[in-house]
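Just passing along the structure, written as structure tokens.
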Amino acid sequence: MNYIPHTPQETKEMLNSIGLNSIDQLFKDIPAGYRPKSFNLPEGRSEFEVYDYLKRMANKNAIGLVNFLGCGFYDHNIPAVVSHLVGRAEFYTSYTPYQPECSQGTLQAIYEYQSGISLLTGMDVANASLYDGGTALYEAAMMALRITNRNKILISGGVNPIYRKIMYTYTSNLAIDFVEIPLEHGQSTREEIFRHLDDKTAAIILQNPNFFGAIDDHSDIIEAVHRLGALAIESVYPISLGILKTPGEMGADIVTGEGQSLGLPLSFGGSYLGFLATRQEYVRKMPGRIVGQTVDRQGRKAFVLTLQAREQHIRREKATSNICSNESLCALRAIIYLSILGKQGLKDLARLNFDKAEFAKSRIDQIKGVEVKRSSPTFNEFTVCLPKDAREIIAPMIERGFSPGLSLGKYYKDMENYLLVCVTEKRTKEEIVRYAENLEVVLWS
Amino acid sequence: MELIFERSVKGRKGLRLPKCDVPSAKDIPARYKRKGIADLPEVSELDVVRHFTRLSRMNFSIDTHFYPLGSCTMKYNPKFMEDIAKLPGFSQLHPLLPQLLLGGMLTQGALEVLYNLERLLAELTGMHEVTTEPMAGAHGELTGMMLVAAYHRDRGNQKRYIIIPDSSHGTNPASATIAGYQTISIPTDKNGVMDFNQYKNKLNSEVAAVMLTCPNTVGIFNSQIRQICSLAHQNDALVYYDGANLNAILGKVRPGDIGFDIVHLNLHKTFATPHGGGGPGSGPVGVRKDLARFLPVPKVVKRSDGTYALEENWPESIGRIASFYGNFDVLLKAYAYILLLGKDGLIEASEKAVLNANYIMAGLKKYYHLPYDRICMHECVFSAAKQLEKGVHALDIAKALIDKGFHPPTIYFPLIVKEALMIEPTETESKDTLDRFIEAMKEIAELSQTNPQAVKDTPLTTPVSRPDETKAGRELNLRWNP
Amino acid sequence: MNIPEKLLYTSEHEWVRMEGQKATVGITAYAQEQLGDITFVELPEVGKSVKQFDGICSIESVKAASDVYAPLSGKVVELNKKLESSPQLINSSPYQEGWIVKLEISDPNEKDKLMNSIGYRAFLNRPEK
């Protein structure tokens, strides 16, 4: 099966009209000596067989664990309407809207997505999306280097450790001076930041809530950063912006984040969505695609890809980024999700996450020998100090049907006993109570 | 059409959230809270459904139209692949689960898919090992350039340049630059391939790699590839294969067998995963044996007991290039596609893709200027030079095609062909569709002679016609404002 | 093609008008026509020092981007601020209202490396390579 419509008769007619006798003649430019040494691929199978095989593979994975694992990638409810609309083939079987007349649907949806991200973050403009939250943060750092012509970047230890690793990978061949600001009580200390901040600093990278779920107001840091002509980059969790102070209100210059929580399934890490927003004055330094509104020759409202002169297909080696695609279908999901949630819905959802997490904190805190860290307010994720290495509770909790959270020793020295726990709106009171009960049993029996 | 924001009615709701079953917590201190409320639309579910359904109908897509966009391989996207990505065992799987102690045993199915797909892609391309992590072709290129840098660093080489033919995609020079290299552009000769003598002259000990698309962007397979590769190797330069055009050569030639050291593939092209209106894509990278130690982490490995695991401790690795293991849902679909087609199906796909491109070329060369008149691979590139004599540009031909119910080909690329029209029909299109397309192109060519203004007035059938891009660029309007 | 006589030209299609040590720089009518409708000019900072034939700033149109190269070494002393809001002046009046920067030049001898209007016209009309 390969979805090829040609009958033998048609193939023959087509070859005739080209003036050839055989398919082999079409490949005469490939010298005989270039033939594959091997091509050991399996025989083709029917749709049913492949589906059945992959269904068995899917069933080898854990389904039905009660999820308390987050770390930047969250188990939120996705309303059915999101998948149904994104499943329209006119969206998912089209490509980049190069020809605006036959792509107004995709173009307008991206414009609406850009509007939604701008509103959420309190920034002036957003691009059409990047690969994921981690690569978006790297693009933001590169953008700051371009704007400031400086080469030093301060990065808070509260930034997702996965993102920090991505950042270091991409910049390993470039002359960039990274300074990591260590944490104290789960927050980057002001003194440490101000000690490293100087007139060579291009940008500081902060995350809110940070990796430990802690909330902060970075306005004072950003003010200091601006006084030295540097930029502030904030990585944010979009759902939290239903109630938290926006990076725009704090004065941030570039905002990025992982858009997975905006209606995208966890799907073992992808496809996800990196968003990037900035202030009007930096719009031409932004990487990635951007859709703009204009009028057509009859004066009708129309949408087009704009500011393309920044991009690789025009500027080649001088482009602002090498990115060519965006995560268009994921961006479509995000704007549909934001639309169905609506103004009050997003706020209520954020509040629901907060309330459930606060309840979980108070319940888990009651377990003997367990301490919930309370040095800062949190959103829907928090750290718990256990009386032993947190890795030891993972397997027994999984056996009891819970995905219990992340053992922080994996990413942070001296935090072996710490567990990062996340509670979204999907977790019921009963599940939270059972989680705490089981954790207590696992710790003390 | 009005924006979703403009459909908003104060107080209208689209979704009911679960009731809060826990006591309401003490509020967050005010200084941590946002002042207002994000001005998202206030709409009902039906409002949302109507709005986005209407938007979808303003798009051309593979399911609704022939979409011969050159270099993009817009082949049919089989429906069952969508169902596979939705299986809860895949779609609900948290990516950090296998990174928890013993959590890997809970993701064996997903890890096995990744491992098997990597093995299949390695065999398809003749490479030793593959990473599925890059999330698009350009992301694969950047990963590849970082692998080049890691290789030379390991050997203590000081190299600064990447050689790229002038017919390449813009992502090639952009990726090379972002990885810290300078680029050297080599012109195309009269046969449509990289000028061999100029290449030889520019190649020196400071060249780190040569990036080639093969077949190239004019749809031609360069018969001298082997010589190009071995010359590069003599200078200890690596050769990079841009897999944008792999759909032409499945089972006919493997990049690894003819001297390429690193390849990237575009699963959304060759392996039929949906393009999604511009993404998500997937750009796995394959390497020859001695480069495998530089591949990004985490790596998926098969243990001796037959189970699968993620390996993070790989000291020579370039590091982490993505949050996780690539665009997993796209990888799943590509895996399903390869299993379905199998060896013979894939070979036939390439054969019919090349047949279709040559059929279009033969059908149109009387009407349009063909800069390189020779058997092409999976795509053919015409020029609107003849039509330009009457003032009709490639852009005008593209718009006229829209009125005839076809998505236009790629235009103005490759840059080396003036007024380029780059047509890639793919194997899933039937002879009758191609005949109708040829007929439409013929009519446009004739109209360009008899009434060029009529061509310039197109499109007439679309919701908008010829949006003012200059206005869009000068008076930036990039979002809705409350 | 409009190629004013009193100006000097580069092979990258910039023009220079000399007044003492001051050089006014813009792009030629040919260059603006090649770029098409100009949408944005990224002006340099006043005080920036440039060497002859180094990039000073860039110009964007809908479908192209192009660097502007300094015809002569010197320091940027004045910018055409009107281009920030009206980049189209380069299209409508490339040699007058569409000037881009003024330089205080440091080496008058470098003028020898520029073309006069006759030379530039011949350069534009050269047979395709």
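Some points to look at:
The chains carry the letters A, B and C, assigned in the order they are written, with residues numbered from 1 in each.
Heads up, the rule we're going with is that a residue touches a chain if its C-beta (ideal position, glycine included) is under 8 Å from a C-beta of that chain, and two chains touch if they have at least 3 such contacts.
All of these numbers come straight from a predicted model, not from anything done at the bench.
Between the contact lists of chain A and chain B, the overlap consists of C. Located most centrally within the structure is B, per distance between chain CA means and the overall CA mean.
Of all chains, the one whose CA centroid is most distant from that of chain A is C.
One simple way to say how far apart two chains are is to compare their mean CA positions; for chain A and chain B this gives 20 Å.
Put simply, the C-alpha centre of chain B and that of chain C have 38 angstrom between them. Chain geometry summary: the mean Cα position of chain A and that of chain C are 43 Å apart. Residue positions of chain A touching 2 or more other chains: 307, 309, 314-315, 318. In chain C, the residues that touch at least two other chains are 39-40, 60-63. Multi-chain contact residues of chain B, defined as those touching 2 or more other chains: 469, 472-473. Put simply, chain C touches chain B in their complex at residues 37, 39-40, 60-63, 87-88. Of all residues in chain B, only 412, 469-470, 472-474 touch chain C in the complex they form. Listed in rising order, the residues of chain A touching chain C in the complex are 284, 307-310, 314-315, 318.
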